[in-house]
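Heads up, the next two complexes both have chain A, just with different partners, chain B and then chain C.
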Partner chain A sequence: MAQPFPYTYYACDCFDSNTPLASKRASQLLEEDERDLDPHNPRSNYALYPLEQLLYCEDCQQIRCPRCVAEETINWYCPSCLFEVPSSVVKSDGNRCTRNCFNCPVCTSPMTTNSLDTSGENGAPFILACPYCKWSTVEIGIEMEKSTGISAQLARIANGGRPIPTQKERDKERERKKEMESRRREKDAISPTQDSPTTDGGRDAGNAPSHDDLFSNLSAFYKSQIDTQSPSNPFSQSDINFSSPSAYSRIMSMYSSNSRKHKRNKPAAPRDAGSVLEGFSIHDPSTDAQAIERIKREGWSITLEPSQRLAQTNPNIRFSDDLRPLATLLCTKRSKRCRSCRHILSKPESKITSTRYKIKLLALNHIPRISMRALPPQFAQPASTSNTPFNYNALKSGIPTQFLLHLSNPLFDPIRVTLATPSLTPGRVQSRVTILCPQFEVGANTDVWDDALASSLSPIKHSAHDSGQIEAGKIWDRGRNWTSVVVEVVPGFLNDNNNATGGDDGDDTLNYDEDVLEIPIFVRLEFEADVNVEERGLGDSRGSKGEREKREEAFWTVVGVGRIAEMAL
Partner chain B sequence: MSAADRNLGRTRGTTPRVADLASTPETPRTPLGRSTSSIYGSPGGYRTEDEYIVLEIGARFVRGGLPGESTPRCTLSFGPDEQRRAADYRQWDPGHNRERTSRKRGQEWGQDHELYRLDLGRVDLGLVEDKFERAMREAFNKYFVLDTKPRRIMLSLPPKLPHPLMSTLLDVLFGSFQAPSVTLLSAPVLATVAAGLRSALVVDIGWAETLITAVCEYREVHEQRSIRATKLLSEHMAKLLNAALDDEPGVGDSKTDISFEEADEVLTRVGWCKSKPRSNRRTMYFVARTSPILEEFEDAVESPEPTITIPFPRHTPPTELTIPFASLAKPAESALFAPDTALNEFDDNELPLHHLIYRALLSLPMDVRRLCMSRIVITGGGSSLPGLKTRLLAELEALVSQKGWDPVRNYGSASARHEIIMNQKRENLELRNQEGEDKVSESLDPGAPLPPGLQNPEEDPIDAKLSHLALKNVPPTSLVGGVIRGVDTLGPWAGASLVAHHRIKGIVEIEREKYLQHGLQGATKEKEISVVQQRQSMGPGIGMGRGAGDRASWTLGVWA
Partner chain C sequence: MSRPAARRPAPKGEYIETDSGNKVSRRSAITGTANITLGGRTVIMADVVLRGDLHSTRPVPSSSGKDVTPTSISIGRCTVISTGSVIKPPCKISRGQTHYYPIKISDNVFVGPNCTISAISISSHVHIGANVVIQPFVIIKENVKILPNTVVPANMIIASGSVVGGQPARVVGEVGEGWGVSGGGSGGGLGVGGGGEEKWVEGGDLRELVRSIK
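Let's turn to the complex of A and B:
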């Protein structure tokens, strides 16, 4: 259940002629053994879509769901400030807005920049504040000097106000420290004494290195390791490659005498990283103890919800004062292609603020819309005169209920429809379903005026007095491009003990949503259409003299009728 | 970082063996060239620069991002909310957070939060494919937001993933996302890389099982598994909370059955683990627990006892549970360490973690053990429980100090004899030490030369100098061996990110065309394929650089 009852879902079988290997399994759900679609199967959640979300490939003559299209990004933009981001920036700066757009790390609503200035002239310092949950960067000790370029400022301030070194500064600092260390080690080497205690992990007292620090140190360490391992030996077996200019440098180095001695240096054996500067950190029990102590002291509220933690750029945090404002994720405009034939199915205009599409092949224009509603009560129960609306959320078990199945045709040709449904709905709660008229015709989607002019269509008159005669095999009503038929449903029993005893585990509890009555209906259409596919969608096809061809279309739909009420025993 | 690195993932077939260390075509220490390191090097061959996406797949989460970044761009889970139909927006309904979802019939604890499980008999592979496909679509469209250029994929997988699962995952990556190639890397090796090590004992406390892998020079040489992992832990936590909620006065008398989400949230937010063993004696192995243990070395009892208040908005009626802080450490105790059960009562697949680590170390050869025991890397989702790492290391240390490295667990009737022998040995050693001390007096006695075993070895000045030289460039911490030491890692994803960033080739690299033709069957049976470029004759095709496509055959390596 998703939408209010009643609703209709269409199943896409993700037909793909290109990859026989992968897609076969996806379509197994529907085709194998000609099984009926089971809407309660967990896999059906991935195949069912509302009609509005489906596209239609006119070349393959197939429904295309979000799963069976290939997407191409046209442009990137920030949904908050609607600025377009060029692809090069996306590549270098990542997938987040680099201007002033931030989301609250607690409740995800967009944050505003406020001034903390009390003199009333909106000067520095500035903070980011969430207008919804009142979280602000004050709580993590961050105040900014300017009200613009927030993300650049934030990138330089750690929580608590300490500055974060940039990558370059980090590299420089690392070099400096390394030099110091190696000098110290040389001193040690001259007078080989015991290990100086400071070399143990090289951990600076006080502040443990951050995740980013460790990562960049590690990365630099591996880079240096690779460089020392790279072949400086001219006869290295690995790049005998005379077509490359590197060969010249190698030959040059072979004949130049002064570099020889240098080159012959045997590379040091590869080794582990040895200090924090190389990204190595020994497990420190005190951090564990600190974390436990904090939880004990400050309790539940200081810890983070899993969703809040996973949304952070560094998900390895635990406490609420480690939160960082989240720069808004960029959105993209994407065109969609049919994965099977690579035709474009939808292409939005590239302007960010425009919501129009250049190409949009909707299933709405090709697939009949099916909907279900309860038969108006004056027809269903002639005795009752009550005007209470039908309660879809409380279907009565065991009592036959009539529904109207309404099919409207978006095509410009009349269609012949055949409906099929399993007489008992699959799943735990079995309801009996009968479509009183499974075969019928639906008129073409002609001019709206036709409807008004042609009175000859003679809509079937239903009045209250002949309501007892819902005839099998006859349609209920018909209009210009729509037809409705009656479906009789006997909702099943929720706690059907006779069935349950045969069940495997014997526990009677229903799964979530198992009390929803969903009817799988197989729809098959036959119609004659112009051979020329392209024109069909565009204009009225009656004028064209092209050949007609017979077409067929078949798909499963799932109609959610309502929720079966518990029996009051 | 060298040949061995480039061959990440090369190792054993089904079970890692130490012997694999020797059977590799190149010795691990041979430095292998990178073909352009020279400044004159033409970038020509690298124009078609391979760009990568880095993925890590686990039983409950998929992490994805781009190489060179320190954290993944997204961590996607597979809860019921992620499995809804399109246009099902009930999870945003304000009332949604207030109702408790019950477990589905016939499903195990937390099963609807899993991407896959290793028991393939009960896995709908189609559903795995659907879930993974949807998660990857979200990752690509929402978090990676890349241009249309196809990206190679660096995929971190747990070792020994069953083939049907692997081919399901690969089907999605090749089929729906058109990856030109997928490089498989094994998660323990990547955790080692992300710790800056070459050898390590990787303890991966995962979802369904804890996997201990000994990695030596980037090769897996041994592994041990136990079901004592996060799943069991959260089940125990749920039991604890159920009991606590039932005891709560004023709450309805129906039995509480809290949902997985609630238990998991409590576990990840306020769950913890005592850093010190309750009592070393209790956790030790006894043949039979002979005497009831009277003394309990509890931590100093604080008064008033610290408590934690946990809100349960999904409970009917919504309630807040105040629970002693100490009791939140109990699930970890019982699920991971099981101190109240004698060792002989455990099945092979449910050993407590510290015993599992000890056994893994014990089964390693001495040299490898020396490296591994001082490079214990604890990773995986369960390792974020505060205190757990410290506890594991402390327990292990206690075990080792008590039992040493004697593979015989129980001498049975000979235990008395063994004791005597051990005592004798100890006495001998002491004697010898004493002798050593008053060696001077003894050596004065010319008639009785010391047996060679008791003499001090001759010092070779050249050896000393060489080793000193070798040490010069190596920081002393990276030489440590033989003591229990834990090393932090940034996690397999960061490892994969590093590997991809430095353009290191993996052993298991699967090309799209070949995979689509033959599937996993196309892999050669040989576990080892040399990635060292073979020496070729100088032909016109030589200048092509070492693209990924020039490998004639491919292997599944670890996963074969």
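Let's turn to the complex of A and C:
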């Protein structure tokens, strides 16, 4: 998600420190440590997060990003009807809403149930219609009798209004066909005739089995295969029901390693499906030819976009009249754990409608917030009195620009901050960055009233008169729990990358977003905190009182200042 | 909307402030004021159109026997409606008649500039970017971020904690756990998060923003 300038991202080094790459020699490790973070490195995409998305593990005393937390699903719910779906239903029916929630297969917006009744009584028949792109189930020939239980009704109606056989009917039909086939084979064996294969072929071409038919045939075939396998199993004497595939696979997995040596008769190798009734279908080139003919006749408009096709439950369809309304995908509520110490970092309340959290350990409450703003113009350029807001999307190359780096402290202890930044930003457009005061202190996050009462921390007065004095080594301004310092940036030139960086690939054109000025800043905090702050109140608070320990925190941040404007030639 | 032809220069600043702290721009176009409730400390910026005249025409069963003025737009506390946005109650045509339904916007909702809003309900701590169109009867739950230039299709329900974008809108992500948390009292000084120059956080308490608007 692109954020408006200026923004700050925080780097979580979890991935780089956990990879086998990290187990290198100490000298190399040191080198790795001293390497500057390059925000334009493709890998940085996966390490940089806005502060709001980060959690903080108080036991590990480290930032936890979405990559270094383990998620556990608390419950499933439909985002459209906001009903909770029990996990048993999710297992049996899949991760889609089984109520009345459907999305348009063309544009994904939620569909509404409309009545086609013209008498004004809002009676049957009903259709699903998309309020956004006006697609409706009329286009695929589906009308329903009731306005409720839509997914159950849709499961029975195929496109064009034909009924879809239920599982039971399918099984019965398959048995009937199988019987017919075996009878015919017997007949063929007795008196072979020439015409029987041709009639068979003609009948099959008439109604090619649907995707669902084939699937149910195949699953029935595999079930029968497991059944035929189980009697030859040496453990078939016991009273466990081997026809159940789960019991079979469980026992197979239990004994598969050592059952080989006392297997008396080797079971027949499971064969593959060999006929349509067993779920086997041979690709018929004539269907392709038909499809091409159809596209020739009706044009590209009847074909589907890849995204539309892939969203369908049967992704093999080609034409718009094969579309089916999509049942809404379910969402989950998840709790998050630290991957290394397994402590829970965030746990929402299990009720769907509740937005509260039982546990929420935010990085916001442990890591100072860093933000960058342009220095107000009356300080930067004494001559200009214009009130135009600073344009972050057009930084001027080569012109020194002052920014205020603002650091606010959420901790209840004062912190000493050391900032470091490479003097030239990495990447092909090199900008010169100077933090005028890289070492400073930030006050503790005490009661808001202290700010008003304390007279010692009077804010530094800046008037337009002393604007020339942006002194190096001095902070710009400070308050109760915040301090701001001036950063001077000389934005680089977009088109002199040939001599500066060598232009190694000989490619003069900038890649996407390479003109964005992003400054990597390494932040190091030092502070003294009470020992076992997190156990305060649990143990003997008097005993540990006064015991303070030194703590340190260090991390990379990336401040996106703005976009460097193209030089006017 | 027909505005007074000769627009006099506002003598006492841009905003009219009510007793409960609502700030309503003199340059906003509000119709049917009797049908609009503002919760307090709510900002209506310039060129905002509030269609309070489009209220429910169905007879309201009143207990005391006297006429009850139907509410068509109700806006909660600390909500900001930015310049050029239009808030129009959603309507349905049934049996040849147009029926309007009341629109409810909750607390701490930020509506960006040039939006068109016809939702039926917007819950608290929702951030709506610029140029967003929300079609009729949309329900937006708490802690939702709607990215700029999104078109939310009619009747869509946006579950809490979603980030929504696109035309038509679809859920593209989740807001982080820190959504709307202002980070241990950011105190004075400069702003945080994506809040531009001001001292406020998207989806957070908008009181500071409301205070800064003069």
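Note that in this section the second predicted complex is superposed on the first by the 479 of 569 C-alpha atoms of A that agree within 3 Å, B and C clash if a C-alpha of one lies under 4 Å from a C-alpha of the other, contacts with A are read in each partner's own complex, and residues count from 1 in each chain.
The rule is simple: a contact is a pair of C-beta atoms (placed from the backbone, for glycine too) under 8 Å apart; a residue touches a chain by one contact, two chains touch by 3 or more.
Being a predicted model, the structure only gives us computed values, none of them experimental.
Of the two partners chain B and chain C, more chain A residues are in touch with B.
Look at A:439: by the touch rule set out above, it reaches neither chain B nor chain C. Touch criterion met: A:80 reaches chain C, while chain B stays clear of it. Residue contacts after overlaying the shared chain place A:389 against chain C, while chain B stays out of touching range. Contacts of A:3 after superposition on the shared chain: both chain B and chain C are touched.
Once the two complexes are overlaid on the shared chain, A:53 sits against chain B and chain C alike.
In the superposition on chain A, contact of A:332 is made with chain B only, not with chain C. Legend: residue contacts after superposition of the two complexes on their common chain; A:114 is shown touching neither chain B nor chain C. In the superposition on chain A, contact of A:223 is made with chain B only, not with chain C.
After overlaying the two complexes on the shared chain, residue contacts for A:147 are found with neither chain B nor chain C.
Shared contact residues of chain A, touching chain B in one structure and chain C in the other: 1, 3, 49-50, 52-53.
Note for the complex: chain A touches chain C at residues 1, 3-4, 7, 49-55, 77, 79-82, 107-110, 112, 120, 130-133, 331, 346, 353, 355, 357, 360, 362-365, 369, 371, 373, 389, 404, 406, 408-411, 445, 448, 451, 459, 477, 479-482, 484.
Contact residues of chain B toward chain A in the complex are 1-2, 4-5, 29, 31-42, 44-45, 68-73, 75, 77, 80, 83-90, 101-102, 104-106, 124-127, 129-131, 133-134, 137, 141-148, 168, 171-172, 174-176, 178, 193-199, 264-265, 268-270, 272, 275, 306, 308-311, 325, 375-376, 378, 384, 386-390, 393, 468, 470, 472-478, 485-488, 490-491, 494, 498, 501-502, 516, 519, 532-533, 535-536, 538, 542-543. Within the complex, the chain C residues that touch chain A are 95, 135, 141-143, 147, 151, 153-163, 165, 168-173, 175-179, 181, 183-194, 196-197. The touching residues of chain A, when paired with chain B in their complex, are 1-3, 9, 19, 21-23, 25-26, 28-29, 42-46, 48-50, 52-53, 66-67, 70-73, 76, 87, 90-91, 94-95, 181, 185, 189, 192, 195, 199-202, 211-212, 214-216, 218-219, 221-223, 225-227, 229-232, 236-246, 248-250, 267-275, 278-285, 288-289, 291-292, 295-297, 299-300, 303-306, 309-310, 313-316, 318, 329-330, 332, 334, 339, 504-505, 507, 509, 511-512.
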